Amino acid sequence: MTGTTKLKIVNDPVYGFITIPSELVFKLIEHPFFQRLRRISQMGLSYLVYPGAHHTRFHHALGAMFLMQRAVQVLKSKGVEISKDEEQDLYIAILLHDIGHGPFSHAMENSIVEGIGHEELSLMFMNALNKEFEGKLSGAIAIFKNECPRKFMHQLVSGQLDMDRLDYLRRDSFYTGVAEGNVSSQRLIAMLDVHNDALVVEEKGIYSVEKFIVARRFMYWQVYLHKTSLVAEQLLLGLLKRAKYLSLKGEILPASEALSYFLSKKITKEDFSSEALQIFSKLDDTDILAAIKAWASHKDVVLSMISMMLLHRNLLKIKIKYEPFSEEKINEKRIQVINKHNLSEEEASYFVFTGEISNQAYRMDKENIYLLKKNGKVVDVAKASDQLNIKALSKTVVKHYLCYLKID
Amino acid sequence: MTGTTKLKIVNDPVYGFITIPSELVFKLIEHPFFQRLRRISQMGLSYLVYPGAHHTRFHHALGAMFLMQRAVQVLKSKGVEISKDEEQDLYIAILLHDIGHGPFSHAMENSIVEGIGHEELSLMFMNALNKEFEGKLSGAIAIFKNECPRKFMHQLVSGQLDMDRLDYLRRDSFYTGVAEGNVSSQRLIAMLDVHNDALVVEEKGIYSVEKFIVARRFMYWQVYLHKTSLVAEQLLLGLLKRAKYLSLKGEILPASEALSYFLSKKITKEDFSSEALQIFSKLDDTDILAAIKAWASHKDVVLSMISMMLLHRNLLKIKIKYEPFSEEKINEKRIQVINKHNLSEEEASYFVFTGEISNQAYRMDKENIYLLKKNGKVVDVAKASDQLNIKALSKTVVKHYLCYLKID
Amino acid sequence: MTGTTKLKIVNDPVYGFITIPSELVFKLIEHPFFQRLRRISQMGLSYLVYPGAHHTRFHHALGAMFLMQRAVQVLKSKGVEISKDEEQDLYIAILLHDIGHGPFSHAMENSIVEGIGHEELSLMFMNALNKEFEGKLSGAIAIFKNECPRKFMHQLVSGQLDMDRLDYLRRDSFYTGVAEGNVSSQRLIAMLDVHNDALVVEEKGIYSVEKFIVARRFMYWQVYLHKTSLVAEQLLLGLLKRAKYLSLKGEILPASEALSYFLSKKITKEDFSSEALQIFSKLDDTDILAAIKAWASHKDVVLSMISMMLLHRNLLKIKIKYEPFSEEKINEKRIQVINKHNLSEEEASYFVFTGEISNQAYRMDKENIYLLKKNGKVVDVAKASDQLNIKALSKTVVKHYLCYLKID
Amino acid sequence: MTGTTKLKIVNDPVYGFITIPSELVFKLIEHPFFQRLRRISQMGLSYLVYPGAHHTRFHHALGAMFLMQRAVQVLKSKGVEISKDEEQDLYIAILLHDIGHGPFSHAMENSIVEGIGHEELSLMFMNALNKEFEGKLSGAIAIFKNECPRKFMHQLVSGQLDMDRLDYLRRDSFYTGVAEGNVSSQRLIAMLDVHNDALVVEEKGIYSVEKFIVARRFMYWQVYLHKTSLVAEQLLLGLLKRAKYLSLKGEILPASEALSYFLSKKITKEDFSSEALQIFSKLDDTDILAAIKAWASHKDVVLSMISMMLLHRNLLKIKIKYEPFSEEKINEKRIQVINKHNLSEEEASYFVFTGEISNQAYRMDKENIYLLKKNGKVVDVAKASDQLNIKALSKTVVKHYLCYLKID
């Protein structure tokens, strides 16, 4: 962050400059809870495929706030009334929308802190900050929780055309170098409007929305669900599960204090105390990476093998197809691994497993995107006459994968 | 063009540098027939909407040749055999594929030289050049005419995924500033391959192809068929028709020698002599623009009114919808114009008219794009299992427009 | 120009979107005087070297206005008071600063309308528009003429760091594809401030200013004074001089009405009537290009030879060095041409001539760029302690050229 | 890394696609020594100022290799003979030139492994790999050590215009968003040539070289020596020194195995065994970051205070000027800290210290950049007649800084 004048400015390769809009926002950014996001990669292990993809949730949060500033500017210029306070609420809501993400978030959510999503953790952080900042975040929290009467505010933070998506698609496209995901965020924002307190897109924006949906779909198949990232993420998930399993059995694994805390006990949503939140706020990618490095020489063969694989990018093989894999196929692979590496069946399941991935480019059941027609009517973008293809894109596509250790 | 070394290099804001691959290609570029393209705008009157869109057919032809160089490199690296001579043939074929375009081409084709398309004129120019260069263009001409046994060569020059489209979409997107049309040409090319002498795309390229088709569709609706460009083009068409009508009646209009030649006689494909070709090669945007400026003060009210409109960007109003406009509506507008400007019915038809535009993002009947699956099978991209939407995109969408002079 | 909402928006590949800030500005843009700039190339004949360089003065004027909007925003955020009216005055002043440019401007100024610079013509246009718009341009004119008490306003329009330069360097770099001229206009603007009503740059901006000066120097040597552009411009200058010479002798040359008017009489600054201005407003690149095409077959050998050269990009040879060329060398070349083409000495002087070009990257005598130091002192950027090199760059570098017709 | 065909391809946001040129190069990239570079940030702690700057040495090494491929292509096209083997040697030499970098490299070199530079470590790694790959790296090592008779090869790897610099300036500019450092690497490479086996730049490239030198200077002052990065790096250096001091006194600090090894013993160049190299190859940014997180709650006040500062980006104040700071000034600040935080004088020296930074944009004494003039003569770029400013830029500029803990 540079700038000695009151107006703090941050350099951003994607948008040029990002201006911090207020003193309060600046203080929130300086808070250790938010600074932690500097150490959490936005795209998890995707850098194993796209070496440029090391950008962080810190950067994404700032980017989403930048787009929110643009959106507020556009809506006001179209006559939508947004007060100074509401403006700041919007900036804070989008800035903190992802603050609850753990390291390599999705792997985390499904292993270490079972049953607690990052949205719930974000809300816990916001509440803690609200206490510290004497209630100044109440408006932002209402927007985040969709308890604000002006529905479009929540839609700007969370919806199928929110500032979160508009930033991450563009940013991930930028850092991976996958030009196809390059969404023209600023053009889409220029076409936003508000009708009956709900967010709409001007009719002429229909093709931009369509391109946005296709770009998103593209990024899912080509990047987020890239087969190599998929293997890496599944391996990490397995690693954390194994570590928790060993820890719960009483084994002491080398790990940071914070990571040890979460490995050594079952924590449900109900007993996620404010102590747990404090310790969670100390967790970031570093804890996981340091553990992987330490575990690479651990005596448990599952722990050490997976750690080595992630460390040296020497991953499992993967096959993807539209139909599920047969039990025979899976068993055949398992037996090979059991024999070759002298593993138990349970251990082998970490190295041969199957699963499914799915991609729904546009949901028609929830958080729909609406067009405002020139005649004043509002229609779902998928139902606009010329858009058979958006309807086609709302079909969920499912694929199945099989990961296995190659035996030569 | 810069560069004193043998390897001539041209600066291109889109690709960086374009290298002229051979002496013969360099000589063709230096030929007056090709230099003429420097004075023909690639996007006609679109600069009235997108002020950056002043790039020329000269530049586009060089860009398409650059992409052909990349395509040849990729295919060779995949084991496709392409001889030195074939390589040069491909470069020449793509370089000259548009050499027959007249000024503001489509307006031209439908008024001045009725019934002769620019492809036919391109071929005439190629034949003339072939004579001058002693047969060295025969291979290129065979490719252009699809008479070359290796089908993929023609497909690289003319098809639904040819170097022409890959360049113009990217270039037009660049110069208009409409980011949504930004096709990742080089990624698409990296996924090309040849199977049984036909062009195919590797299976993993399916989402790139899809994005390409959507981008193209986007550019058609948003740019090429933009309502303001549409009005401008229709006005220009009307202007040239009027000028030809007056000329054939014996009126002498101020115009360049070349333009006068084509205004003063009916020329059909059959009697398009080599003299006509020579004179055609003298025509470019300048002739039309100079005429518009001169005709702005002509006594014929249709001629002068349209000229002033184009000159000062003070165009007709336009309405677009999915259903045709009723006769009543059209008549009502015509009567208003007739009364206000004291015109005959025939004259009024230049200021109130209707028509239709259509857009088919992907054709399934011709020049299909094929995927090469990993199992060695080849399928139409629209039939790949996950691509309901490409099928949806192959439906032709038709819209109707009504242009009229606003009467206050 | 797109947009049906009140806020008109123009697509710009360089900055994304340009917003028209007011109704009055919009009307000025729609005025035929301003629309004329669509037909005047920003970089003259440079497209003969850089095929992408077809952008216009229309586009540049909009771009400079966009940067002015950014500058106003930055200065206001730093506490500089600028009223709504002053804001609009600044936008109009920068929008119209170049409105007096003729076709291929510099060639024009030195042949057709001798002794009248484009700034004087711009002022005449502004005065005419001010009458038409009932005095609403008076503030803008005061700024343009440096008669406004707040000096920084004029400096934003005309100075060594004005919005004009910040736009044209960036835009010309963009369209030529010469990345080295890519000035970070928005960063420079972010560092502007006002001190005692004069424009200053924050101290930390010193390296940005330095890079700006070097980029400008680079663009001069590499682009604006590129040897091929130089030959082309000198040829065009010769062509217009010859045409005027013939016209004054009574010869009737094919030319548009407006061009004929200026060719057929000597016009000095004093007798530049409002009628002359009206006719001047009809002149643009088209008139010159159409004339070149017509003159290519004229019986005057000078006129036809130069026209053919420009048309087919078959230019004179050029040599450049630091010392003047000797009379012997020049004579030798002239005699060759006289003998070969059977020309008079006077005629030959159009095909063999010499001249000089110079480049001063930073002027220390006028319109200096000042740094505002943290201690509140203001210093010339060239005198800041670490900047020996800017001082070095303030030296004028002169080179000499010799153009000649190659005789094989 | 994507691509199932033989030609492996990596996505790079800077250059588009990077192709792995051979099987051996591919194996080297896959080696754990090289994969380690994925976990070493290219710009150390600069991301505390430029949040986008998280790119790695892994990515930079690939980028430099890409540029080397371009350079080889250009030189061959100009007739320079380079054999297939030499080509691969060049790729390997540039790929591995930085393989010896430790975590946050410069801090490392001056604390943990005193007196051993990263070049020496790179060489040790290369020798180890050469053994593993049975001598196939000998040519690359000769180039790296400048023992290859063809001098230009070493110059391409290490010199004032080498592929290392051409990549890191462009890449760092890209990821920080500081456009001023954007070197047109490909244009510079296009102007390279070889004369008497030494690297030269074509004469017309003089302004490009100048812009390159100014851009580099800019990046040093504005980015690499940015005051906030400077404080952060000095703090990290202090932290590691403190940790080593405590460890050598016998204290056991929480740290990874590899880090503990280097903290607990003095290692000089002479006794840097192959065991030490193996352990060094396990060190990366993770070890340091994990230690910082653990040390934040250590009882040693110096260790914990610095750790907290780095973790929460709550750094020391810094002042920079051209003259050294007086002893009085420094003492005054130290006494404030001693009193406020109850520290010993020795402890206080970690929170109040001074130093100097320097920047020499172009060195005239070593590894000069030479121009090849059209007359065949070779001159130092700083001595070319028009370049007083490059000479000015060869002066070393020194600044002094004072870092101190702010006492309110």
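Per-chain numbering from 1; labels A, B, C and D assigned in written order.
In this section, a contact is a pair of C-beta atoms (placed from the backbone, for glycine too) under 8 Å apart; a residue touches a chain by one contact, two chains touch by 3 or more.
In UniProt terms the chains read A, B, C, D = HD domain-containing protein.
Quantities reported herein were computed from a predicted structural model and do not represent experimental measurements.
K.L.:
Using the touch rule from the top, work out which pair, B-D or A-B, shares more C-beta pairs.
P.N.:
Per the contact counts, A-B leads.
K.L.:
Where the CA atoms of subunit A average out and where those of subunit B average out, how many Å apart are those spots?
P.N.:
Chain centroid spacing, subunit A to subunit B, equals 43 Å.
K.L.:
How many angstrom lie between the centres of subunit B and subunit C, each centre taken as the mean Cα position?
P.N.:
That gives a centre separation of 32 Å.
K.L.:
How many angstrom lie between the CA centroids of subunit B and subunit D, rounded to a whole number?
P.N.:
Comparing mean C-alpha positions, subunit D is 50 Å from subunit B.
K.L.:
For subunit D, write out the residues touching at least two other chains, lowest number first.
P.N.:
Residues 16, 187.
K.L.:
Treating touching as the only link between chains, describe the layout with one word: line, ring, star, complete or other.
P.N.:
complete
K.L.:
In the complex, go through subunit D and note every residue touching subunit B.
P.N.:
Of all residues in subunit D, those touching subunit B are 4-5, 7, 9, 16-17, 77-78, 186-187, 190, 204.
K.L.:
Would you mind writing out the residues of subunit A in touch with subunit B in their complex?
P.N.:
Where subunit A meets subunit B, its residues are 179-180, 182, 184, 187, 207-208, 210-211, 214-215, 217-218, 221-222, 322, 385-386, 388-393, 395, 397.
K.L.:
Can you list the subunit B residues touching subunit C in their complex?
P.N.:
1-2, 10-14, 16, 30, 32, 35, 38-39, 47-52, 54-56, 58-59, 62, 174-178, 226, 228, 256-257, 282, 286-287, 289-290, 293-294, 311-314
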